[in-house]
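One chain, chain A, links the two complexes that follow: it is found with chain B in the first and with chain C in the second.
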Partner chain A sequence: MTKKTDNEEHEELVLEPEGFRINLFKKFPLIKKFAKLKGFQFFLILPSLFIFYIIIISGLIGTPLGNRNIAIVVLWILWWFLLIAILVPLLGRTWCAMCPLPWFGDLFQRMSFFKVRTGKTNYLRNKMFGLNLTWPKRLKNIWLPNINFLILCTFSAILVTRPFVSSFVVSMMLIVATVLAVIFRQRAFCSHVCPVSGFIGLYSKTAMLELRSNDKDVCKNCTDKGCLRGNENGWGCPWFEYMGKLDRNNNCGLCMECVKSCPNDNIALNFRPFATETTLKGYDEAWKGFIDVGTSHAYSLIYLGSSGILKDWVNPTQSNNWTGFFTYVIILWLFSLVVVPGIFFLFTSLSHKLANTGRVSRMEAFKAYSYILIPLGLLAWIAFSVPLLLVNGSYIVSVISDPLGWGWNLFGTRDFQWHPVIPEYIGFIQIALLLIGLGYAIYKGFFIGQRLYNSPTAAFRGLIPVAVFSTVIALAFIMLYIG
Partner chain B sequence: MKKLKIILFVAIFSLIGCCIGIGLGWTSKKPVRHNFVIKARQYSYDPAVIVVNRGDTLNFKLVSMDVVHGFYLEGYDIDCEIHPNQKTFKLRHPSQGHFWKDTTDFTVIAKGYGKFKYRCSHTCGTMHPFMQGEMIVEPNVPYHASWGGFVGFMIGMISMFYLMIKKKL
Partner chain C sequence: MKINTKEILGGLALLLVLVGTPLVINYFSPWRNHGSTRIINLTAISTQGIWTADKVDGLNIWNSVFKKATIVMHKGEKVILRFTTVDVTHSFYIPELKLGPVFVDAGHLYDVPFTADTTGIFTYYCTSICGHCHFYMQGKFIILDSGQDVSEEELAKINKGIDTTLQFCSTPLNDNLLPKDIILKGKMLFENRNCILCHGKGGKGGVKNTNYAKTTIPELFTLAEKLKIPDKETADSIIQLLRINADFDKLNNNPPFRTYSRFLAQFKSINQKILDGANILQKADSLGPVPPLCMPSWEYYLTQDEINAILAYLINQNKWEL
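Let's look at the complex of A and B:
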């Protein structure tokens, strides 16, 4: 056991290089002009709403063969890849600004396309329609999104291969989002129910984009608080965020209402380095990290692996192997909810022991270090998604001509042969992605430790088990992909 | 400057790790001939994994146990269409376009290093996009290099922080 020396308390901390911030509103005034438009969100949602309708309709009436139906191809090859590999790491919750699911709910609450209504509803200075109940306190976290995500994951094989099921699930989400908007305040569905929300929210912490107040002091002295409460220029934040305190991306839907409502022009859209925010709050967020690492590992095994048995297990409606299906469900849930966190706990306990400062509890170390799962998990999900796009992306070409699988040939590309793109190099792309994830995990791990223990030597000792854990996780993926 | 030094420092550790990994995993065996009969069924191949050595001669016969399947061997310019209850199957070389010919088998020489997948190229049912098997050509250099490289990378990162707190970097 390392002995704690007296001067450890007075050690100079290793400074984490200050990340850059470039205010895009200042640099490109056109972006700000667009954000200030009353129709900002409407213009973003309109195209996705259109695509959304096509997906629902072709899912219902098109061919049941997934890779011949535009619903599946657009949703699970194109959208999924864009979301996880580009939108989230670069632009954070930008998808949530254009997502059509909560739009009807918004419309009901506001009863207006563009005009902002003034009035009084709860703390808001906007007139809102609906019951406007407060979301139950016990559910004010992301446990429900976590569970919903796991449920979708459980049925993923059916979801991503049956157009009808995809269409049904997406429509159900739209209905639930709308009903909840009638009952509860603002975007309750997005903050506390939507299965993709936890996923997007957590990983958008790594995003290279943030919307923040320019000067927190201005906010302190601001009596208007238009960002939170709304006014005649903009709606109160639909995601319940107060700009004066906002320092994380998790729950800002980038709807740009606060840009319009802030009377002091105090909002900045910053470009920043990857993985800047390194705090997780609460076990719900930590468990989201575990679930994502667990499920991406399981998915890699099932969908990118060669086992026919596993494919039968996850596909019980065709294989009729319900025993297999329940075995898979139990393994998947235990693995994501218990095994991965359990292993992580062992490693962080060791880290806590090695650091030996007595400053924080073991559980605090567990919670703080759980952030390293975010870069690791995100890059692992991207590594998982790359082959989906490169191998099956060519279905996009044929499906464009024959969206419903009815034999149309709109653009003459219906018979375009399936053609994987550089399949023999996918492994190398995956290695590079995992290495990036590992690098961020270890790098951030040190500074998290330093914040936790307030000592660089303790942080160093504490880093060793955490770095080993990260490497083990990365290598577990390497084994599946190229081993 | 300092950034460059740090990157070089970690890169050297990773490279050493790569070399050790490759060295430990290296094998070189006398080339032999394998005759594979690959049975395709919804949604897997049997055998699902085949392991060969670089330079081996590989002869493939393909059969389908249920519906029409494909067999696209990545990195080898091979694509086949396998019909059930038939002695022959169709073969083409994707780089040469749509020239299918009937055949009873085909032969390739194992080249490259590591994992090459064979995938179903003919829509055969719901799970078709995920139907695949894998051929591993030993020595699996990318895999061994990754093992060594990742461990080396980790050691490099840890050493980097050690030097940083000792103010030597």
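Let's look at the complex of A and C:
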């Protein structure tokens, strides 16, 4: 750990370790070769489209039994776990590179599977089809994904128990993504609408993978800007990112178009430490963190808890308890959008007061510190998802042989019995995960404070209330899991 | 125009997924018959109290009312009965044909080959308590002589009894909606908790139970007589005692009527039978099939208040001689 003297405060700052970067393109040239393939996304998306297509079909015409239908078992147990516990923390937005939902929109805009069309469309040097309108400025944030995510969470009990509903939601997302691609430029759906994308985007800040330029100076001097504008080798970035300025994972869909279009071969796929990026740009991102903490608390209480009343409230189509459902909706939305941020604001105000430097406003401190909810929230989501896989994962084994619940036995595993895996250790695993999340939240909180207050002493003082808040959140989760 | 082979292959691959997948799925659908033997698909739905031959899937289960299956075969015909369930475990049983009980659990298909040997109209049952509508999971299995046919009108006539009672299963009874009056409450519970299906409307009995030593399910409208209640006045006072949930044992010290001790013994016995149920019924033919209808245990489904209400209703059903 290196130290430097700050002239202003005359106090030595404890610098955050920059951490390692291993360029996987250099280390494993095969990865780069694959990324440079014109069919890179085609080969990733086609299999996932096949699986999602089966999910849609199965939701519609397969058995209505959730635990025997691939639409529920693969989507909400396997895919969800892989996404939140493996893909996002390790590989960032890799899912976005293989997600089939925006593909038909891409195909429409490009009118090709592999060939890159040159021409001129707005600032792009690619010929794009469709209206290519600019996305409304007011919506150029993740508020819409935040609200969409909260809506999905609100109906989650219906979503994860009724294959038809899951199928409907996936189909609607595919249709909306395609329609938006016809109207707006590039991947407007992924950037500004998709509820899952908002979720992945925020947590991919913690990811151990990043796509960055090797040398920013090369980008500065580059007149081609192929990464952003596209050229004959690759499409302009569907996420509107310019590699010369890209320093966050939030909006990098890892589609690898820039790897193909960069005329200077200046793109690196870096392996890096967990939770490297610690800046949030707007309140939309901060609120995403609050929503995720709020909903994950609610989910843990509802799905992992033992209250029959709550389970009745969240699934009115089964219980017919609409009063309970609306009570639940009001509580969930208020808790996620008002209560959690409100309490957090009180704690960060206290932090601001304790730090007492006068360098930043209370709101700036509030926004900056809200980052701590990202490692904590991610680990809490993983902790929530662990029992889903360990307890219900055995359904995956039987469902892959009989995806529609029609009595098929494709791989001979149809009759595999439900069998929870190490249920006695799940609580310990959850606690360990939460403590890791808490550790990262506090550790990163210190450096955020130092960045805000430019003094380790003030950062330490400011950290105390934030650490207390994180600990209370983590303890609340632990109480829910093992209480 | 230059043809780009890669683009064509890409398009074909996409087409293969989009068109090929549903085609393959449809080809291997359990509703398609690839052999020569007729397959009769029977899907159990507990919430509707039926075995249905309709196709039930994720799309239609939530907004459709399915038709109760009436199975029609011809003598000598061989079929495969393919059972599945969209919810809980059920069983399919036709005692007269010694078919089953076939236990059908969720997520599995059960193929049972069956050859129609005898003609007649038989009743099929579900013998696994499967929910609120369990007792309505009955239907007709008709075996005709070869060449004989049955019209829609005749089928409707055969199914009439079953279809009319189904109304009591269609909406689960909300406890808050129970009337205050004990007789009306008892009537509603008797009908809604399925007693009516075996014991008949108003407890008139007469429902046949295959190979049961007593042939039919006991009638209950004569309960007052079985309880040794001598007259209407006494019956009314018993109903009043049930209404206030009186302690019948305590009253034994100062009996309200002459035959009270006999009444109390019978009352306790019947009350216990409701709580315990009667799973083992005496067979008419000891080597014959197990009677399909039996009294389930109501211990965890009825409160003592509700049992009292049902008993009050049945006591009130008695036709007293003037």
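Just so it is clear, the second predicted complex is superposed on the first by the 471 of 483 C-alpha atoms of A that agree within 3 Å, B and C clash if a C-alpha of one lies under 4 Å from a C-alpha of the other, contacts with A are read in each partner's own complex, and residues count from 1 in each chain.
Methods note: a residue touches a chain if its C-beta (ideal position, glycine included) is under 8 Å from a C-beta of that chain, and two chains touch if they have at least 3 such contacts.
Computed from a prediction, not measured in an experiment: that's the story for all the values here.
Contacts of A:Gly439 after superposition: chain B is touched, whereas chain C is not reached. Contact with both chain B and chain C is seen for A:Arg68 once the two complexes are overlaid on the shared chain.
Looking at the shared chain after the overlay, A:Phe114 reaches chain C, while chain B stays out of its contact range. By the touch criterion stated above, A:Gly39 is placed in contact with chain C alone, chain B being left untouched. In the superposed pair of complexes, A:Thr471 makes contact with chain B only, with no contact to chain C. Using the contact criterion defined above for the overlaid structures, shared-chain residue A:Leu404 touches chain C, although it does not reach chain B. In the superposed model, A:Arg162 makes contact with both chain B and chain C.
For chain A, the partner with contacts to more residues, out of chain B and chain C, is B. By the touch criterion stated above, A:Leu60 is placed in contact with chain C alone, chain B being left untouched. Applying the stated touch rule to the two superposed structures, the overlap between the chain B and chain C interfaces on chain A comprises residues 64-65, 67-68, 162. Residues of chain B touching chain A in their complex: 41-46, 48-49, 70, 72, 74-75, 94, 98, 112, 114-117, 119, 121, 123, 125-134, 140, 142-143, 146-147, 149-151, 153-154, 157-158, 161-162, 164-165.
The touching residues of chain A, when paired with chain B in their complex, are 11, 14, 64-68, 157, 161-162, 302-309, 311, 315, 318, 391-392, 395, 417-420, 423-424, 427-428, 431, 434-435, 438-439, 442-443, 446, 456-457, 459-460, 463-464, 467-468, 470-471, 474-475, 478-479, 481-483.
On chain A, the positions that touch chain C within their shared complex are 38-39, 42, 46, 49-50, 53-54, 57-65, 67-69, 71, 112-115, 162-164, 167, 317, 398, 402, 404-408, 414-415.
Taken in their complex, chain C has these residues touching chain A: 4, 6-7, 10-11, 13-14, 17-18, 21-22, 25, 28-30, 56-59, 61-62, 84, 86-87, 106-109.
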